[in-house]
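Chain lettering (A, B, C and D) follows the sequence in which the chains are written, and residue indices restart at 1 in each chain.
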């Protein structure tokens, strides 16, 4: 994708994009912090796609083609769908004839796309690193799982079980339970209640089929080799 | 449920309960803050049931029998199941013969019970009030939905669409999108990613069938009449 | 519900009801066979609610109030929703601006209501009997599960696991696998592919909360005591 | 995959395979009819993978690599998982300490794999043709959807809405409603109750990502160009 077509894409994903061409954030911090939203009203809000926080060519064992398609089609598609859905929801809510179950059909789609948008942003933002977890983070994780390896072992096992299906593995901090734990998640829409994602791995087949076919275990290796642990550390 | 049987129940829901009989919290703050957990290790953690933050007899239009059964059987059952599941998970993870999809079958059950435990605690803690939203909270909600009534109208519509099925309506703050919005949720396990629950309404049939049969709209009225808005205000 | 209000209800559930007041079927065979549909076109079809194949007052341990509400509100509500959804689907399909994911939001609701309508009809039609399985059916079931008791034990266990949530237990004949087996099902929409329901037990809370509160096991006993095995025998 | 490794795979997918190497069925009829099962007991049954009913190299626009991986890894993986799960279920049922919700976690996995096995078999069996629907089948479909094009238009729209997620589009005959209609299905486990699959299209990403990336519409074109309508005609 050329620089200009990427710019067009970013603009298209927001109904009223406020992102100027020369303002596209190019660093991790920018991608995480510089969210430009058109509104804070739940009915008007339009989401602006966050750019990839790393060069699509730079990952080890994950091809530029795969990453670009993942970001542009799957994440970008979710942003566009979420923005479109909000308009449909307002229309449906203002029509007194809308039965509640028809309205909820749209709300469910909104929940799914919201999950897809949010989890993809966490996912891309925790890629682009060298895969080496800093010592203090290893200690923090070990404190919650007995050992760092016990954590990694469960995280990978959940991932393997999702290969061939679709879902996410999330290391998250459950604010209510005051607990750091690994979660199995499916369909973009399941999520542990009241939980802050810390490390997010996409196990939808679009995350690896192009490069690895059905070999999910090889993709999981590649994912671990590219973890941006500094980003993860800021979320714990 | 007598005071002593309630005490036994609270103890039974934790594998190694640290709650002394005379330490059962009786106020909202206690229920919200004084969580006693046996461990912060994801594999060992055992959850202690939070007591009802109000007198089960005190709600308007929701019977003591319903509330007591809801708290004891549905919430209490989820706590017990969650605690049991953790033991099963450790067993399965330590057995090298466990296929990943069998492990994930347990992880999915864990996700469902985690959602049930967490959402029920938010639910009971936002009941027991007089249903009158303070002015500043009304203003805050209006800022996010155009008007307070627009918010309430969508919240109720989602609830109506869930009547006869099972699920939750959640007003939540989406930390990633920096957005306060209403969510349709089902099966304890769907949830908006990275979202803090603010107001939680249980639409499972166990929340109202005993008192209202299939008349979900009447239950929603009763729910609104009993909202503890002070608790809600602290979560925004 | 008086006879005349019941008649009105039956008529209301079909957009263009062909059921004359004096033609309401009153027996099991009538309920199973005399389906009156307004069209065989997938886009026009409107479903007519099947009457209860037994007297709502006649079941042992399941109250008239519960059965009547279940049939009228939950089953009847699903029929109405399904009929309404079909109109919405045609509208959406004819509108070139409908995004596929918005269309699928409606298709999912249609799938859920279709499951609810179909499974409720099987459920009511396998109630109203004396609970005594005829010898040849016991033999047939024993041939597929080792013993009749092994079948019943698994069927009940699945039911217990659904108490407090929502779902169905179905003994079904899987045409593809040429196998009679028990299935866990949830949300009206999960179902074993290519499978004919043989015995259907509703475990949604609306099937028992009014009479039994959270005591799902007691409801399962009552269900077994009222099975109409002759209807079941015809489906194997 | 060589002939001998394919033979090994087929054998491995059944615990006690009865398929002799020289008895591997090579035609559509063989694949549909010559199912060799080790038992008709629900607790003992072990499924034997059905061979591809066409040459993996022979499809237009769907590569041998994709088809082979789809059949071997996704379908084959589901067969193996289903067979393994049955053993786990028997073990869990015989252990009086198994909580019902733990048992149901396994039953849910069984339901998912059963759907995957059954739907994949229908899918592969309705591929390998020239994509030209015979006149009488076109007439039959037109009778149920107004026109053949109206049917195809809805079928494709549902497919497009699933691209990027995971699920199935199924033209099915609903025996209860006496209706031929299109269904949206997800996660292998949702299915219209009491419905016989007639035409089945896999929209999981493993069905197309390797060849088409995120371009689901192109895959749908390829699917239609390869439909084996004679197989479909036999199912109506």
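We adopt the following convention: a residue touches a chain if its C-beta (ideal position, glycine included) is under 8 Å from a C-beta of that chain, and two chains touch if they have at least 3 such contacts.
Bear in mind that the values here come from a model prediction, so they are computed numbers and not experimental data.
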item	value
Shortest chain-hopping distance from chain A out to chain C	1
Chain pair, C-D or B-D, that carries the greater number of C-beta contacts	C-D
Maximum centroid distance from chain D, chain identifier (CA atoms)	B
Whole-Å gap separating chain C and chain D, where each centre is the average of the chain's CA atoms	26
Gap in Å, rounded to a whole number, between the CA centres of chain C and chain B	30
Distance between the centres, which are taken as Cα means, of chain D and chain B, whole angstrom	39
Multi-chain contact residues (two or more partners), chain B	99, 101-102, 104, 108, 186
Pairwise touch network: line, ring, star, complete, or other	complete
Of chain A, residues touching chain C in the complex	81, 84-85, 88, 99, 101-102, 104-106, 108-109, 113
Residue ranges of chain C touching chain B (in the complex, touch as defined)	65, 69, 73-74, 77-78, 112, 164-166, 186-188, 204-206, 209-210, 213-214
Interface residues, chain B side, partner chain A - complex	35, 37, 40-43, 45, 47, 93, 99-104, 107-108, 110-111, 114-115, 117-119, 121-122, 143-146, 150-151, 153-154, 157-163, 174-186, 189-197
